[in-house]
Every structure is written in C-alpha cells, then in structure tokens.
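Chains here go by letter, A, B, C and D, matching the order in which they are written, and residues are numbered from 1 within each.
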Amino acid sequence: MSHEPCAIVGFGQTKHKKRRDDLSLPGLVREAAERALDDANMTWTDIEAVVIGKAPDPFEGVMMPELSLADALGAVGKPMMRVHTAGSVGGSTSIVASSLIMARRHKRVLTVAYEKQSEGNAQWGLAGGRSGGMGAGGIFAPWMQSYIRASGAPEHIGWKVAVKDRLNATKNPYAHLQLPDITIEKVRESPMLWAPIHFLESCPSSDGAAAMVLTDEEGGRAASKPPAWVLGTAMRSELGSFPGRDTVRPQAGVECAHMLYDAVGITNPREQIDVAELYVPFSWYEPMWLEGHDIAGPGEGWKMVDSGETELTGSFPVNPSGGVLSSNPIGASGMLRFGEAAQQVRGEAGEHQVPGAKVALAQAYGGAAQYFAMWIVSSELHPSLS
Amino acid sequence: MQCVLLGVVTELRATTHTIEFPYTRTLGPVIGPFLTGLRDRRILGIRAGDRVLVPPLEYDPENGNSLEPDFVEVGPAGTVTSWAWISKPTRKHPLDRPFAFALIKLDGADTALVHAVDTGSMDAVHTGLRVTARWRDERKGRIDDIECFVPEGDGT
Amino acid sequence: MTDTADTDTVQGDEPVTMMEYFMSLRYSDVVSPPVMRFRDALLEGRLIAQQCPICKLVYVPPKGYCPIDTIELDERNEIQLADRGTVTNFTVVTPVQYYGQKETEPFVRASILLDPPGGMLILQDVVDVPIDEVRPGMRVEAVWAPKDERDVDEIGNRSGSALDGSLRGFRPTGEPDTPADAFSDKVW
Amino acid sequence: MAALKDVAIIGYAQARNERRAQATEVQFLFPVINEALEMSKIPRREIGFTCAGSCDYLSGQTFAFVMNLEAVGAWPPISESHVEMDGAWALYEAWVRLQHEDIDTALVFGSGKSSPGPPAEIFPLQMDPYTLTPLGLDPVSIAAIQGRALLDAGKVTERQMAEIAARSRRDAMKNPYAQVTGDFDVDELLAQPYIAAPLRMHDIPPISDGACAVVLATAEKAREVCERPAWIRGIDHRIEAHQPGMRDLTTSVSTRLAGDAAGARSAPIEVAELSATFTHQEPILCEALGLGDDVAINPSGGALAANPVMAVGLARIAEAAKQIVEGGHGRTVGHATSGMCLQQNLVCVLESD
C-alpha cells in the first residue's frame, strides 16, 4: 500500500480503579494524554489533531463529550473527532487516528479513549436505563455454552484464563484488579453470574483512560524512544441479530483477521505473531477469539490455554497486561489492547514484557460480538516475518 | 395525534420511557475547590498567565498546559456582557418564573460566567447591567448554590 | 426549579469532592406501522412476523424491511407464526442491582425457535418449571395472558421480543426434547 | 491542506423531513441509503467503507446506532465505523480513508429523530457537566445570548434576521425535503413575540426527524460512473474552547481556520449551504468564509427549513454537491457545525471538473 507509515511514539494510561475520586472527567483524560505526550517527548502544542473515543455517553451522562473536553485536550483551533463503535471503540479510535497519519493528513496525532463508569453505573447503562438488564455477560453466556458444547472444552478452561490474566495484572501497576492470591478454586467457588460465567471470571467496572501519540515515518525515526510501527489495521462489522447468525464464530471477526493478515503478509499467525492483546471481558472469549481469528484451529483454542501456551512465558502469550478481565473502562479497553501491543514491541512493557517481542496483535470487539477492530504492530517497519 | 399515511388516517400511538440516573461526579483539584468555594459563598477563578479564568479550569484553554491551583476570589458582583430573556422556563432551568440567562463578567475575572439573572421583567435587564450573586440558604457545593444574580442594590 | 435530588446540605469546613446530578429525560416514541400490526395481533393471541421473499428469513417482531436483502417489507409479507417451539439456548441472569432495577431473583432468558413456519423469539421467560431444568431442546408453548388482561401499550419499536404484557412466557409442553442438530445454528 | 487525492461526491439522498416521523430511524434511513447507492451506480457489495453519524441521546436508546447497521445491510460483513457526531464528520472520516488507495468507494450517512425527546431537556447534557448542565442551559437560550452579542456589536439587526428567515423558507418551497416552508412577510414576522429574546419563532430551527446519505468515489471510479462529479477540493474542520464566556460568540474562528485550510477563499464561491441553525449565525459564517452578497446562501432553505440533527450538516454538503451535479455550478461550499453556538465547524469546498 502506498500510504504513509504510521508510528506509535508515545503511550499513556491512567491507574485504573473502581472509582478515581481524585479526578474530574478532564483530569482523567489529561492524566493519560500527558503521560503519552511525555513518553513521546512532546507537549500539547506539538499535536495537530485529536481523535477521542468512548462507549455510550449515558455511562457518564455527558452527551458528545468531545465538545466539553476540547480545550482540556489542547484541541482549540485543531481538528477533533469522536468515534463510537460500542466495546471495540478503543480499537477503532486508534485506527481512525492512524488513518489520518497514513493519509498524510497530519504528522502528529493524539488519540484518547476513556470511560469513567463510577460516575454512573455500567449495568444501568448497558440496560439502557431499564429494569431487567441482561448485562453483556448475559448476552454472551449462551454463546460460550455453545462453544463449550461444540469444542468439548472442559469447564476449568475459563477459570484458568481468569487466573492467568489476574496474575499477569500483578505485573502491571496500572491494572485495576490486583489479586495476587487468585486460584482456580476461588474462581470456581465465586458466585455464578450467567452460566457458565462466575463472578471471578468476568471483568470489573473501571474508571480509566488510555492515550497514544501517532506520527508519520519521519516522526517515528526521530523519536527519542523506539517506536512501534503499524503494519496493518482492519475494521469489520456485521448485523447483530438475524436468524441463523453464527454468534460463536462471527464472520466479521474471521474476515477482520484475514484482511489484516493479508495486508501484513502473515500466513501463520500462531508462529509469526509474538504476543497478542485480545478483548477478553469474560474468560471464555480467550479460546473463542483464538479460534475466531484462526490463530488456533477449531476446538484447538482451549487446548492452547490448557497447555499454558497463552501464559506470559508461553509460546503465544495472550494479555500479558492482565487484559480486560483485570481493567475494564469500556471505552478505553480497546485502546489499552492496542497500546499494550505497541508497548510490547517497543520493549516498554516493564514487568509484563514478553522478551524479544517484535510482532504484536491487538484486537477489540463490540456490540453483540459484531464490531471488530484489529491492528498488528512491530518494532520494525518491515520485519522479516519468521 | 393524526397522521395521514398513504391516505389512511391512523391514530399515532407512542410508547414513553424515562431515562433517569443520579450521577455522582468526582471533581479533582480545581473544580473541587471551586464548588467548595460556592458552598462557602465565595466565587473562585484561577490564574492563567495574566488572566483570571472563571469558571476555573485545570488547564489553559489556549494551549492545554496545566495550570497551578493558584485561585483568586472574584465577584460576587459583576457586569452582564450578554443576555437572553427566557419567557417560558423549562423544568431544568434555575428559576420557574421568567428570567434572563446571561454572560456575567465578575469583578476581577477576565472571562464571563453563564448564570441566571432575576430582574422580574425583560425591561430591567440590559448589557452592562451591574448584578450580584444571590446565594441559596442551603448550599451543597454546586453551581446552583448561587440561586441567581440580581441587580446590584436589590436585596441579596 | 431544577429537580435536584435533595441531599442534606454540605455545610461545614471539609472540602466538597463530589457533585450530584440527577439526569431525567422523558422520551415519547411513535410506534411504527409494522409494530402496530404486531401489537394488534398479540391482542388476539396471534404472533405475526414478516418473511423476506428473497432469503425467506422470518422477522419477529416485524421490522418493515429485510436487513439481509435491504428491501422493504409490509403487510403483504406477513405470516402467522406458531406459538410453540423449542428452546435453542438460554441463560440464567443473576440480577445486578442498579438504579431502576426491579428484578431481585435469578431469571431465565431463552431463545425459542418456533415450529414451522419458524421465527426466533429471543430473551423469552420460561415459566412453570424450575430454572435448573431449562435446557436446549426443551419443547415449550406460549402462556397467553387472558384476552381481557392483554396489554400492549408498552410494546414499542425497540421492545424487541419483550411481550410480557400479553404473552407471559413459555412453559414446557412435556413433549420429548428436540435433538440438538435440529437447531444448532439457531442460537440467537 | 488542499485535497491530497481527488475524491468526488457521486450520489446523495435525503429523507423528507418530518416534525414527528411515524417510521423508525432505520425505516426512513433505509430508502435514503438505497436511493443514494442507486444514484451512484455503485453496487452495495462493492462499497469499500461505510461511516455513520448519529447520537444515541436523541432517541434515548443506548446503542441505537447499532440498529442503523440494518439499513446498510451489513451482511455479509462490511468495513464500517461510526462517529457520535453529524454525518458530515463521517464523510470526513470516509474521505480520509479513501486517501489510502486500497478502496475506491465509500457510503456515508447521518440520521436522527429529534422528536422523541425534548431538545431543551436533552441538549444541556452537551454542555460542561459541572458549571452549565446543572443550570439546564439549552441551545435556544445560549443562541439567544449569541444573538444579543451580535446585536450589541452592530453585526446584525432583528430585521436582517427576519429577512434571512423569510428568504430561507421561501427558497425551501422548491425543496421537496424541507419541513417549514412558505412566503412570510418580514414585518409580520417582526410583530411576533420573542421566544427567547432577542429570538422569535422564525429565528429558531424546527424540530425534525430525518436522514441523509452520500456516496464518495476516488477519481477513476467517479469518472467511470458519474457525468458531472462534485469534486471535494478541500475539507477541514476545527474546534474552539467550550465555555461560552471564554470565546467571542460574534465571530467563528474555527470556521475561518477550516475554511482557509479547505481553500474557501482561494476562488469565488457560487453557492453556499451553511448550517446556520439560528438566523443570526448566517452573517457570522459568511464573514468567516468571506462570502459576499453575490453568493447564493442556502437555496435549499437550510437548517431553518429542516433541522434533522446529526444529518443536517451532511445534508448541507449534499445540497452543495447537488448544485454542481444537477445545478451546473462550478464551485460551492457545504458547512456543518457541532456543539452550541458554532463551537465546532467543518467546511467542504466542492468543484466541478
């Protein structure tokens, strides 16, 4: 493709918590944005455009918040856009921001995604303010049961994912949940929310923000720290409900992955990708997305989990940051995946760094598992894909 | 309600629903002191270079740089710089009788605050009018701890 | 006056660190023609849907279009549905408390594949059976409210298949279960 | 920045605006998208990227925008995104996406029903949550404050505002999509009572349910299917500070910046479709874009004749394109705005071959 290469030269995130009572809404997005600017060795005035993303506005009760946050993000006199694609929004916002660089529209773009769920109530928001809300887990649970039946996965797989992600989170100071003594038994004993999902294998509700500074090739080369290069991006959507829709392996997810692999030149994702940050708000989505994006074959996803392949020290680490299971400010979660993937290939992931990671995949999904946003980043603009 | 649809007059039915929630907003290092001030009958601005911003912001709107929490008390009196006469207030408006929404540049401030001005009639409000804050008896740290502004000299 | 939730006034010297804002918005949504016809049928104890002439998919409640073939549908595409069928999938929701939540006990929400000519009702309540006995394959039939008690006023454009004003839920018929492969692709 | 790669508008359609549509947003969006695609001669399955603009708060339904996918027919899956903004920003995102050259067509739409919820109660949520929302500051009140500031500055008179209203609704009589039309006498309008002084009923936009769809194509594809494409010569958008008391409400700096970057002043404009939702905003936008008396303003009647929030800005760009594709004009401009008192503005300069 003849578009401009896009580099991630700065990443920042807030300390995610149930309630950040020390911050205002502008303060929350600025904490992440200022950290990204510092990481990029830039200030607000270096930025040419701002792209902000978040999930439904009723979560905080502020309509079209880019308007009241414009000057808080240094956007006065600049272009600013607000993206919203439900749960995948953090990912699609990152892609829309990278699209501005690739189109040679801007040289330095700040992108931010956030949610401050403690201002309102996420379950109330997801229920549209009505009684009897299913919760996201209630919608996804039957699909997980279908996956379990079809794949023959033993019931402990979900618990194993929950333990893995929570222990990874203890190596991520920004992660909301810090549960160093979590065990499979504790997950199994925790109350059942929606069969098969127990309390300790479903995501928390968090206040949090993520931010990235993206530049063109020149900016990437001149960056004070090694950048992450965007090798490819893909977004795919499908109808949420129609008779006969495959909700367990949504076609939009399969196509999104293959469009991305083709664009990047990946023929064997399991071998050629060193680490993945996948949107796993409920444990069973790790095996389901490993298969749903053809990283593992049918019925193989849960075996990758069971064999420890997706552990931090495994051959295909998934969610070394602790993932959505450990921090879930919904609007930011997608960008946390996209940014953590960048940090891995920049060698900036700290305690949860996957040694020698050169090619990383990030994925976010939203709605009734019908919106998909994915990107692959690398430490080199033209890596030799082993 | 009637609606002609393809020549067939049909009675329009509607379903109603209410979205309600008691949001609890955390305030941070600048908005917190501002609302604390209002509770204590003081209006605070923040210094941004040689300007005093009201309402105070955590950053300079021109460039986004953070501002030190260097607060300056302003008002309670000020000057109306623009206004609108609201003849039929909604249930969300600060007053339930006709009033003026106005931009008010408080004494000591360089930017104008939006608030309600109660002059009783449209004829009594004009750009340049001197007004002062009328505080609620029961205040809880919110912008409407100021019930409204009234012409200077009226009982506050 | 603004309808602020009255909390006691915060008087005294400790700093204010939280502000309440009670949002309350009233919406009135005109019921669209296909949903009006769906409501009228419910009052007569009938379930109607629209079937797309191209892909033959059955949409209940009727939408006024087929999103697959992007063509508009109307009364001419209406079909009468059976009010018995098979549970293809379900979940038991343990209600989380939030403002406005009225549910306190775990409740079932099931996908019901209706007998021919078909149609899928999602998020239905399964009644007259202990929750732990609900299973995919279970044969069920509609539990209609008595004719004079049926109320469709709450059924709007976005009620989806929430029909509890007239169709209270589905109960087991006692027939033998339908084998899984008859509905494996009809879970949602 | 001037256009990087040539992209043209080759198809457009609007819904007939209504005060209270009986159809749902998806039901009236459906034929609009079909009509725009038909005009563009691009088969639905060939569209490379789809971008939508809408706002859930309008209809009071979280994730309402997900339903709109059904009007697009997102099966088999499509490459798509959504902005919680006017469809004009969805057009901008699609225009940027088309610069990457891996696709050559895009479908863009904006839609919204403003009738279900009272705008005066919903739109205060668009303001600063700490200092403005609790006062219930609504669009008409803040626009009236802007109107007063303009009157005080001598930049407009109440008579000029009435003339703008009369001209817009008279022109709208020729626009099949318009909602409020008619031949109104300026003196009779000025005799009406104030709604929110200095604004009278004629200064204020109607409440409308509506939608607009536009099809974009890169140069080669556009020439292949369209005799007289409307080329996007320049497109840019800027935003200003939020607090009304911290910006000059009588000018539009962001429209000026966006207009200059889009090349609005680099050659004469023949027709301008501006999102002046209140009469007094038209002179502000004309000043910012350098539009003189020789420029035809809002021949469609503009937002004063129909104001389908989330589609009204995209509809201005569609009308500006129509003036080229069907009206024979050579250079037109479409403008969209977001937020209260023109806080954020987008300018799109269109040209014929």
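Note that in this section a residue touches a chain if its C-beta (ideal position, glycine included) is under 8 Å from a C-beta of that chain, and two chains touch if they have at least 3 such contacts.
Predicted, not measured: the structure shown is a model, and the values here were computed from it.
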Chains touching both subunit A and subunit D: B, C
Chain pair with the higher count of C-beta pairs in contact (A-C, B-C): B-C
Computed distance of Cα centres, subunit C from subunit B, in Å: 42
Averaged-CA centre spacing for the pair subunit C and subunit A, given as whole angstrom: 31
Where subunit C and subunit D are represented by their mean Cα positions, the distance between them in whole Å: 36
Whole-Å separation of chain centres (CA-atom averages), subunit B against subunit D: 29
Interface hub residues of subunit C, defined as touching at least two other chains: 2, 4, 17-19, 21, 23, 25-30, 33, 67-68, 99-100, 157
Residues of subunit A touching at least two other chains: 21, 24-25, 58, 60-61, 71, 75-76, 121, 124, 128-130, 239, 242, 368
For subunit B, residues contacting two or more additional chains: 5, 10, 12, 17-21, 23-27, 31-32, 35, 57, 61-62, 91-94, 142, 144
Touch list for subunit A against partner subunit C, complex: 21, 61, 121, 123-124, 127, 129-135, 138, 141-143, 145-146, 149-150, 191-195, 239, 241-248, 368
In the complex, subunit A residues that touch subunit B: 19-27, 30, 34, 43-45, 58, 60-61, 71-76, 116, 118-121, 124, 128-130
Subunit A residues within the subunit D interface of the complex: 1-3, 24-25, 56-58, 60-64, 66-71, 75-86, 92, 95-96, 99-100, 102-105, 125-126, 128-129, 234-240, 242, 251-252, 255-256, 259, 367-368, 370
Subunit A-facing residues of subunit D, complex: 1, 4, 55-57, 61-63, 65-66, 69-70, 73-85, 89, 92-93, 96-97, 99-102, 122-123, 125-130, 133, 236-242, 246, 253-254, 257, 338-340, 343-344
Residue numbers on subunit D that touch subunit B, as the complex places them: 20, 22, 60, 118, 120-121, 124, 128-132, 134-138, 141-142, 144-149, 152, 193-199, 241-246, 249
